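Here the structure comes first, spelled out in structure tokens, and everything after it is commentary.
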Amino acid sequence: MAYPTNYKYSKDHEWIDAKGDMATVGITDYAQHELGDVVFVELPAAGTKLTAGKQFASVESVKAVSEIYAPASGEATESNALLQATPETINNDPHGAGWLIKLKLSNAAELDALMDAAAYEKYIEEKKKEASA
Amino acid sequence: MRYLPKSPAERQEMLSAVGAKTIEELFHSIPEKYRLKKPLNLPAAMSEHEVVQYFSERAKENSDGYTSFLGAGVYNHLRSVITDTILQRGEFLTSYTPYQAEITQGTLQAIFEFQTLMCQLTGQEVANASMYDGSTATTEAVLMAERLTGRGRVLVARSVQPEYREVLRTYAKNSGLHVEEFGYTPAGTVDTKALSGLLKDDVCAVVVQSPNFFGVIETLGPLAESAHAHGALLVAAIAEGVSLGAVKPPSEADIVAMEAQSFGLAPSYGGPYAGVVASKDRFVRQMPGRLAGQTVDQEGRRGFVLTLATREQHIRREKATSNICTNQALCALAATVHLTLLGKEGLREMAEQNIAKAQFALGELEKIPGVKRAFSGPFFNEFTVEFPKSVRLVNAELLQEKIIGPFVLGTTYPELTKNALVCVTETTTREQIERLAAGVRKALAA
Amino acid sequence: MDSVTSPTKVVLRKTPLNALHRRLGAKMVNFGGWDMPVEYPSSGGLVAEHKAVRGGVGVFDVSHMGDIRIHGAKKTGGALAAVQHLCMNDASKLAIGQAQYSAMLYPNGTFVDDVIVHRLGEDDYLLVINAGTREKDIAWVRKNTSGFDCVVDDLSDAYTQLAIQGPRALNVMRKLTDANLEAVKNYWFTHGTACELKNTLIARTGYTGEDGFEIYVPADLETSERVWNAVIEAGKEFGILPCGLGARNTLRLEAKMALYEHEISDTINVWEAGLERYCKMDKGDFVGRAELEKARVQGLTRTLVGLEMTERGIARDGYRVVNKAGEAIGVVTSGSPSPTLGKNIALAYVSPSMSALGTAVCVEIRAQNCAAQVVATPFYKRMRTVAQKS
Amino acid sequence: MNEKIKKATRHTNQNEGLIFEKSSPGKRALDWPPLDVPKVDPTKLLGEHHRTSGVEGFPEVSEIEVLRHFTRLSTWNYAIDLGMYPLGSCTMKYNPRVNEFVARLNGIATEHPYQPQELSQGCLKILRLLEKCLLEITGMDAVTLQPAAGAQGELTGLLLIRAYLQKQGNARKTVLIPDSAHGTNPATAVIAGYEVQNIKSNADGQIDIEHLKEQVTDDVAALMLTNPSTLGIFEQRIPEIAEILHKKGALLYMDGANMNALTGVTRPGDLGVDVMHLNLHKTFSTPHGGGGPGAGPVAVKKILEPFLPIPVLVEREGGKFALDSQRKESIGRVKAFAGNFGVLVRALAYILAYGPGVRQATEDAVLNANYIRKGLEGVYDLPYTRPSMHEVVFSDVLQKKNGVNTMDIAKRLIDYGFHPYTTAFPLIVPGALMIEPTESESKEECDLFIDAMKAIAQEAAVTPEIVKTAPHTTRVKRLDEVGAARKPILRWKPEVKRSEAAD
């Protein structure tokens, strides 16, 4: 699956799509692939404060729980209600309908620390090599 | 040794196969000086017959031949031969936790049926596959409430089984949970004034038991309302499950912690029993313990699996909802078979027999001068009476009559040294009750 | 194989070596519409031929096999795309001079035919197909490559194809060609002068489970017979024998190589046939892939296993396999005595629940249940040792 | 006739619905003796509390139906009674039936935990003798039989450590746990109020001593060690490890899950262990019963004795025994009543049957594990080559080449008539196959197992799909765990019939 070039990506495999100080956050196709069939998603309530690099949600497959870390700091304004009934949306459309939360950025500058699509794809290529090695 | 399926020749053969001369070689990774040189100092090996003999002799040193009026959390009810016949099937007895669903459908379906029965009994929406016992189930229920509310104060009624409260304190000590207790009224029910005094917005759960330790049935509706008014959850403990055959289920409670010993499990000097945690669907992700779920296989056939395992220790490790890895599957199976045998009518009749016998017993005791009912609240098969003198002295006299007297409330309630908790079940005969009354009369006269 | 022993009828097709076979006194049969030698009494018959191949060397006329060449037209890549679309194995992994076992599938994941794909050059491939399915195969290839930028030639009648098989095949070939055969590994091929024929395709392939070569020479009668005789001449010192389809069948059965209409057909899919190693689901789309994906999720309903008769009796193609209770649980696809193992063996499709090695079953042989058991396959695996220098 | 792999077999298969689907009003499976006291009116007595019409949805069936229902269900289970159950670190050994018999005796099963202690001397003597045996086997100084299972034993052990350190003035912060440990360890540590710090195993699967030295600070309360480790390898430098901890005032906790490798051969107490729990349902053969009940006694050194949970079994003058709950330093009560007495009885029956000969069981267990290791070496990859004790851990790397993983092999094993080994644990071995035969398996059964494992390796190489889609012989195929977790169905509900829905 292609990695949108207008997104930024974290080493923990979250993506963030920022427009001004409003941003949407989700997990990457690579992440959902590693995780397998998603069965449950735990998201923060609107108003929750997020700190870059700190856990803010968890995504569960049948046999694993993965913590999701905030790619940037800010305040959650909305969480994806769709995921409660159909968590598989994360598997089917990780970069689109499978988004996790909307976020009001407190420091847009943090985004500069993240990878762009090209850098991220190189990054996961490395990961795959390690895995196969 | 009769349990070991190898001949000396076979042992030699296997040894040479692994390339060792002596068995000792296989233990070389244990530093020589730490290997035992002499045999363990244990009693000499016993034949099957001798083993039976040893335990038969111990059995004779117990209460065989005595009539008991003890309950207080462990109840002597009728147990069917059928239940034990099923329990002793090797396929149930010698099977492991059903991780390999394809070859443990028997255990899994039985657990699923257990969960269903527990929901029907307690009026809750979801029940787990069982835990150690009523005391740990109550504790786990509180920890669950703590997780759900994120609060650290829990209010427990003093009329909850004393050992349940002690276990809760042991667990609470290090999880930063603060346990406070509140008292009871002359009716024997929880003191709602005292409760509302303590109830603030930092409370995670209010814990009550019904029928409570004094045998009195609590009214849960209002308790739930006041708890909810402060964003707290109501945890209802049930020590005597049979009561649910005649008493309204604790549906108002948010979490129910039940002891299932009354359903086909022998008193067995304190265990093993089976605890249950039942609750609402919306809380299921925070439930402790195993859960069996219905699903389908590749060919669309109904089957069962352990599910929502991500709550458990073997996956969550330090983030698990509980450190318990097992349920009490075999005890839960006993309860499942027993309740299936009882059925809807059977359980109702059983419960009503308990009520009738308890009422008769209270009547007989109240005829005795100086003996009076201690609490006015409605009760099931246990009730509290007050003697004109210490219960210990009365019980000592009763022992002469080969009667094990009622539970001495004074042991855990200093203010109740003259109060006795009498338990009567369908197994107690009219003749035994009359002997108790006669014995008490004699003891008080003395 | 019943088909092999049934008497010749109608007008059969002949290979350029047909007359030679008859001069050698071969027993001829109708094989998929071809008039082919089943065994050569002069060689000592099927068993002798079989043993020659296992222990020394034998030569087969396999000119009845079909050959389809697919090569790029205007821009390169068209042929590869076509082959990838047609065949289940991953042809993009082929180096020039390399071949691979593969198969063409129907959209439902069953077999059109199994093929050997040779990469002749840059965007240039040769598919060697079965005799019985020639016309069908060629039609299928044309139909399914129409959309691709490539050219499809049917070269089936252009070649006489000889298979020189056995541990001594290398010694024989050394005497016939200047090509550096040591460099030609199993399932690779080269072009070299053989029997004075320049630029002859020499492939280290075969259908016997032994080391061996298959050579492709011009199909005119003169050349064909000259080459055949040269091979026999060169093989004399190694005790070479002319071999017929009878031996070819027992040899491939011991090696568990599929035969069309038996182990594979238009009603059997890849998973059932146990050929998943040659089916690269992750190479991208190809005909049959989608249905195979579904079939995989549904799980197997039958699977190909090897049987060894534990009671007297020879399991034959089409016989029922039954369990102890006599309920049908499968069917035999090929069966015969194994000259190498000295046992009666068979391949059969059975329900997966009866596929565990050691499972006891019965084969219904003329209304009689003969005991057999599931055994590991292939029944015969050759030692991977190169023939000693002579 | 030559059937090399005898165990290749079908799984029993008889259809059976849920008990609720058999229910029909009026059927009953149990009758009551007539009431010998006056009948009463529950509504009058209980008022608003009265559940007038019994429990809604409870089944109504006859005795034969109940017996058949559960007997049929039982045939869908695999069990030790049917064959080898090589679940690594679970010690699935033979459960002697005499143990069941004695646990059900009148005067044993019938006793009430609150009955007078002078009428409980038999029970108390049983508990005392079991305590003595466990102390002799572990080489420790004191023991509590209270904990209901291994996990609760762990918690008890850590609470004891906490209480002990607290008394020195500082309970400390962290518990060290090897990366090879069972998931219960970290879960327990947290419930005991400690932070978890992982310590690495070295290439031999042993604790990296140098690394350990750095990690043992004044904040460390204890190290939780499983020995032999979950790799089935004995931790050789354990006395040294104990010393490192003790120097820093920390204690050594041993998870006794694998005691089946040591009983009668060496004693944790002599190795410097301060506290440990035992799993009576593993080493001491009490039946697993499909997942419990168990018992997890905790044995300790003298320094921890004052903190043992109540009640504590004490001997009074005149050789009388009593349960003492008046102990001010105790960590309190971890479970109601006197432990899982019924389980304790079975464990003692097991020990009495062996006596000092219990060492033979340990030897056979270790012999079986090494025999299987030998038989499968080369066929399966052996990531850690140090000598095996009671279990052996392979990995699936050789089979992965054909896309076959440990779970596939495990499921295929079912078709060969065995219960799978433990899959994908310990975590430090990717794709682990963890095999523990126990002493209860004959040479023949071990050979059958080896044959089956070889046959599967062969299949994984030639026809992987048959392995990947296994099992094929069970009454249900692989089940949809994803569906079960996404839309949980955790109880039966009656389907609403149209007619009812209408009115």
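Lettered A, B, C and D in written order, each chain numbered from 1.
Convention: a contact is a pair of C-beta atoms (placed from the backbone, for glycine too) under 8 Å apart; a residue touches a chain by one contact, two chains touch by 3 or more.
Predicted model only: the values in this text are computed from it and were never measured.
Q: Going by the stated contact rule, which chains contact chain B and chain C alike?
A: Touches both chain B and chain C: D.
Q: Does C-D or B-D have more contacting C-beta pairs?
A: Between C-D and B-D, the larger count of C-beta pairs in contact belongs to B-D.
Q: Where the CA atoms of chain C average out and where those of chain D average out, how many Å apart are those spots?
A: Averaging C-alpha atoms per chain gives centres 54 Å apart.
Q: Between chain B and chain D, what distance separates the C-alpha centroids? Give it in angstrom.
A: Chain B and chain D have C-alpha centres separated by 20 Å.
Q: I'd like to verify one number: the distance from the centre of chain A to the centre of chain D, where each centre is the average of its C-alpha atoms, in whole angstrom.
A: Spacing between the chain centres: roughly 39 Å.
Q: Cα centroid separation between chain A and chain C, in whole Å?
A: 52
Q: Any chance you could list the residues of chain A touching two or more other chains?
A: Touching at least two other chains: 40, 60, 62.
Q: Residues of chain D that contact two or more other chains, please.
A: Where chain D meets two or more other chains at a single residue, that happens at 477-478, 481, 485.
Q: Using the touch definition from the top, which residues of chain B touch two or more other chains?
A: 298-299, 310, 315-316, 319
Q: In graph terms, nodes being chains and edges touches, is this line, ring, star, complete or other?
A: It is other, because the touches fit no line, ring, star or complete pattern.
Q: All pairs of touching chains?
A: Listed in label order, the chain pairs in contact are A-B, A-D, B-C, B-D, C-D.
Q: Looking at the complex, which residues from chain D come into contact with chain A?
A: Checking each residue of chain D against chain A gives 481-482, 485-486.
Q: For chain B, which residues count as touching chain C in their complex?
A: Residues of chain B touching chain C: 298-299.
Q: Where on chain A does chain B make contact in their complex?
A: Checking each residue of chain A against chain B gives 40, 42, 60-65.
Q: Under the stated contact criterion, what part of chain D meets chain C in this complex?
A: Residues of chain D touching chain C: 1-10, 402, 415-416, 451-452, 455, 458-459, 462-466, 469-470, 472-473, 477-478.
Q: Across the complex, what residues on chain C touch chain D?
A: 271, 274, 276-277, 296, 299-300, 303-304, 310-311, 351-353, 355-360, 371, 373-374, 376-378
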